[in-house]
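Have a look at the structure below, then the notes.
Labels run A, B, C and D following the written order; every chain starts at residue 1.
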Amino acid sequence: MNTQTVTVGKKVSFGGFNIPVISGPCSVETRDQILTAADCAKEAGATILRGGAFKPRTRPESFQGLGLAGVDLLCEARDATGLPIVTELMDVRLLDEFLNRKVDLIQVGSRNMQNFDLLKELGKTQTPILLKRGLAATLDEWLAAADYIASGGNEQIILCERGIRSFEYSYRNTLDISAIPALKARTHFPVIVDPSHAAGKAALIPSLAKAAIAAGADGLIIEMHPNPAQSWSDAEQALSAQDLSSLIHDLKKVALAVGRDIS
Amino acid sequence: MNTQTVTVGKKVSFGGFNIPVISGPCSVETRDQILTAADCAKEAGATILRGGAFKPRTRPESFQGLGLAGVDLLCEARDATGLPIVTELMDVRLLDEFLNRKVDLIQVGSRNMQNFDLLKELGKTQTPILLKRGLAATLDEWLAAADYIASGGNEQIILCERGIRSFEYSYRNTLDISAIPALKARTHFPVIVDPSHAAGKAALIPSLAKAAIAAGADGLIIEMHPNPAQSWSDAEQALSAQDLSSLIHDLKKVALAVGRDIS
Amino acid sequence: MNTQTVTVGKKVSFGGFNIPVISGPCSVETRDQILTAADCAKEAGATILRGGAFKPRTRPESFQGLGLAGVDLLCEARDATGLPIVTELMDVRLLDEFLNRKVDLIQVGSRNMQNFDLLKELGKTQTPILLKRGLAATLDEWLAAADYIASGGNEQIILCERGIRSFEYSYRNTLDISAIPALKARTHFPVIVDPSHAAGKAALIPSLAKAAIAAGADGLIIEMHPNPAQSWSDAEQALSAQDLSSLIHDLKKVALAVGRDIS
Amino acid sequence: MNTQTVTVGKKVSFGGFNIPVISGPCSVETRDQILTAADCAKEAGATILRGGAFKPRTRPESFQGLGLAGVDLLCEARDATGLPIVTELMDVRLLDEFLNRKVDLIQVGSRNMQNFDLLKELGKTQTPILLKRGLAATLDEWLAAADYIASGGNEQIILCERGIRSFEYSYRNTLDISAIPALKARTHFPVIVDPSHAAGKAALIPSLAKAAIAAGADGLIIEMHPNPAQSWSDAEQALSAQDLSSLIHDLKKVALAVGRDIS
């Protein structure tokens, strides 16, 4: 099936010849951290900035994110670098705040893939949506979740494979690489891959990222932190700016090998 | 660990000697249907009425439930029979409506087990919460979700095992019977079982329900429809009133064998 | 579907009113250990003695069992107590040795459920076979494996559910209790349950064993060691003789509640 | 960890700069079929011929393979083309027949990954072994199975990732692409990928094969049939000779992009 393009910000398109890389830290932590991260991401060749302001943490005592203050810092980083931003919306009551701040790409996280009231509200907007696959969601269920958004009138949807839960315990999740060609045959929505959450370990990310491009992914979302060891969350899976830069360099070669380019 | 009791309505307690059975249709469909179902449930020996008003359906074109009108019909059935009611809240924005109607037990469904904003709001109420296990949630994650509610101040929590996703395709989900004793060793919240969603097939429900009691469950939630073949949703897993009555009769024997009673 | 009876030894029948309990240690360790275990098993009410002589251990450096010398010790314990014996055959080349020793019930372990050459050879014998479910086998595959034996002419097959692999890490495997009623509807082979391998922890075994009886199981196989703490393998899941005795006492009550008896 | 090289036949090496492609039909069917397949495989750029002579089929009434006559036909195809051959050994009693025929690479299938007696016997040979991952085996278990072979003295082991079982039903198995870099960090055995069994559908194979190369695989094993529609087994996943040729052409580009070559 032909893939439609979804444009984020003014000029970053998913679903065409170019393969954008989204990067940035797991969480927005401080003004300095996110501004530095944005510079690093841009410098390395990423074209969209990620950063969690509302964090879906398993335990209530874990750091829950800076909230709207974090979104504001992302906006400031956007202004400074020109990079569009993506961040996760968990609470439907905050949608207007996201729209007011013109978040360029609103992420629906794995745990909310079937938060149908949230999906319905997002369907009424015209903002591009990054819909992550649920941890144990079938492709049928994932596409049905996208239909909740699309049937409301918003077809600006990007699907993100981020690993499924399996019995293997030596990595955080199991990247389902087969989902890429299987989705391509069934939907016109672009499909991107999050190797960071799939792996949960920085050392595995380059292989998974290259595999994703080779398998036909339309984009990547990769966690990078200016100082990985001091990351407030998911430190084990964060690349350094240097690692990211080097990885994007390598990814370009793989992209060219399959007739595309990273950009 | 000692199990605390959670009382729903004026006199139905979970976690003690008595094992309550919650029953009713998958969805509230019509006034006549829910009033009849309530009578049947009471007649059969169930002590709480269930019925979905907001239905988390995989596909947007499926019947989504009657909404608040459905909750109102449940309240009418409660008035008619004296049975406390349980129904699922999906959208945090509707919590006040549920509180205004004095829903006796608010269900958090599997898909929302990690809808943390919803959990946090429920933690501020004093209403008993029925927290279903996510489709692929570990016990650690499930207990952490309960902590989101409890840490807000509401300890009136009942955990509901309803089957996990596995590779086996001949039943809807795989009932994780081991979760019952494993949770009993780790938490003081009562644990009940939903054999209907675990099985997805009426024929398997009696065996699973008996197994749950034998394994130490503190309650059951079983789908029953006055006319199963005409159920608007999940028809295959609905018991008839006659089936339910016969099952509860059999369950009493198993309950007595493990030193308890159905009631 | 009506369950056929499979008789092991002269008088222990699976598939009828009575529910036999098989018990004994994970591994045959010493003459003294297995003779003591046999006495304890008999005293507690078990009617068949189990003991591994060939052990399918994950790692090559783990204790691999006493081999045929272990089978000989089991035979001695059989002579001493009158209990029929069950032990696992891994290597098809040793089948004649098992037949010569008149092993009463030959176990095919989970890892060999699809060792088709072994199954075919067993199909040519008239010895009862205990066919354990593979760790990730569907019911279809399991029944097809049984067909490999049956199509050779040996219908003396007992199926044993022993837990499947899932994402949950707090117990060794996930007991698939639904398999019991689902198999009962599809096959005439008796179905028994191994709560010991399903749980991997002694504390969970009583609940799982009771659940299995309540769900309709035709038998149980439970690990018991005269001195659990000193077990050479799987020490964490072994019951003491006292525990077993107490459990069988409790199981009788559950069996009576579902119209059967332990014996 | 540095990968050792394993040489199959006189000159095909796994684990170095070159990435060999193994190809051929699921089953050896007829003399004409396997000779044609061997020619096609060689013509397309494959350097080892595969073909099943002993087939581990789920159901006993399915085609079970030609047996040793099939191995003889493979040897004839080897003589005609110069391609080394790989075929699966299921029954330990036939090992000498395989050794007598100088099978170049002996495959241990998924169902036999933990057939420890077979592994021990293979450990006493000097023939290269292709050890497929069990359907639900962890990396720990897989490496422990390899240790059963290696501890006997045979270190000529190639690991083959072929998909794991998950809840997703739209493809046969779920290719665990993360296993490649994870194994590379833990073992010196070469790791290859079988996209055919992972996918179960021809249309998905090119994407998975490219992903495997990009992720660092040391080889591929791909099913190809001279006339896929008439394949006696697994017809849906067989590529045509033309498809294979075209795929290897594309794979070369990806291999070059990661600093290697197909050969």
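The definition used in the following text is that a residue touches a chain if its C-beta (ideal position, glycine included) is under 8 Å from a C-beta of that chain, and two chains touch if they have at least 3 such contacts.
These numbers were taken from a predicted model, which means no experiment stands behind them.
Counting C-beta pairs in contact across B-D and across C-D gives the higher total for C-D.
When chain centres are defined as mean Cα coordinates, D lies farthest from subunit B. Averaged C-alpha coordinates put the centre of subunit C at 35 Å from the centre of subunit D. Per-chain CA centroids place subunit B at a distance of 49 Å from subunit D. Residues of subunit B in contact with two or more other chains: 136, 140, 165-167, 169.
Interface residues of subunit B facing subunit C in the complex, by the touch rule stated above, are 136, 138-140, 164, 166-171, 174-182, 185, 198-199, 203-204, 206-208, 210-216, 250, 253-254, 256-258. Every residue of subunit D that touches subunit C in the complex is listed here, in rising order: 56-61, 90-93, 111-112, 114-117, 120, 135-136, 140-141, 144, 147-148, 151, 165. Against subunit D, in their complex, subunit B makes its touches with residues 165-167, 169.
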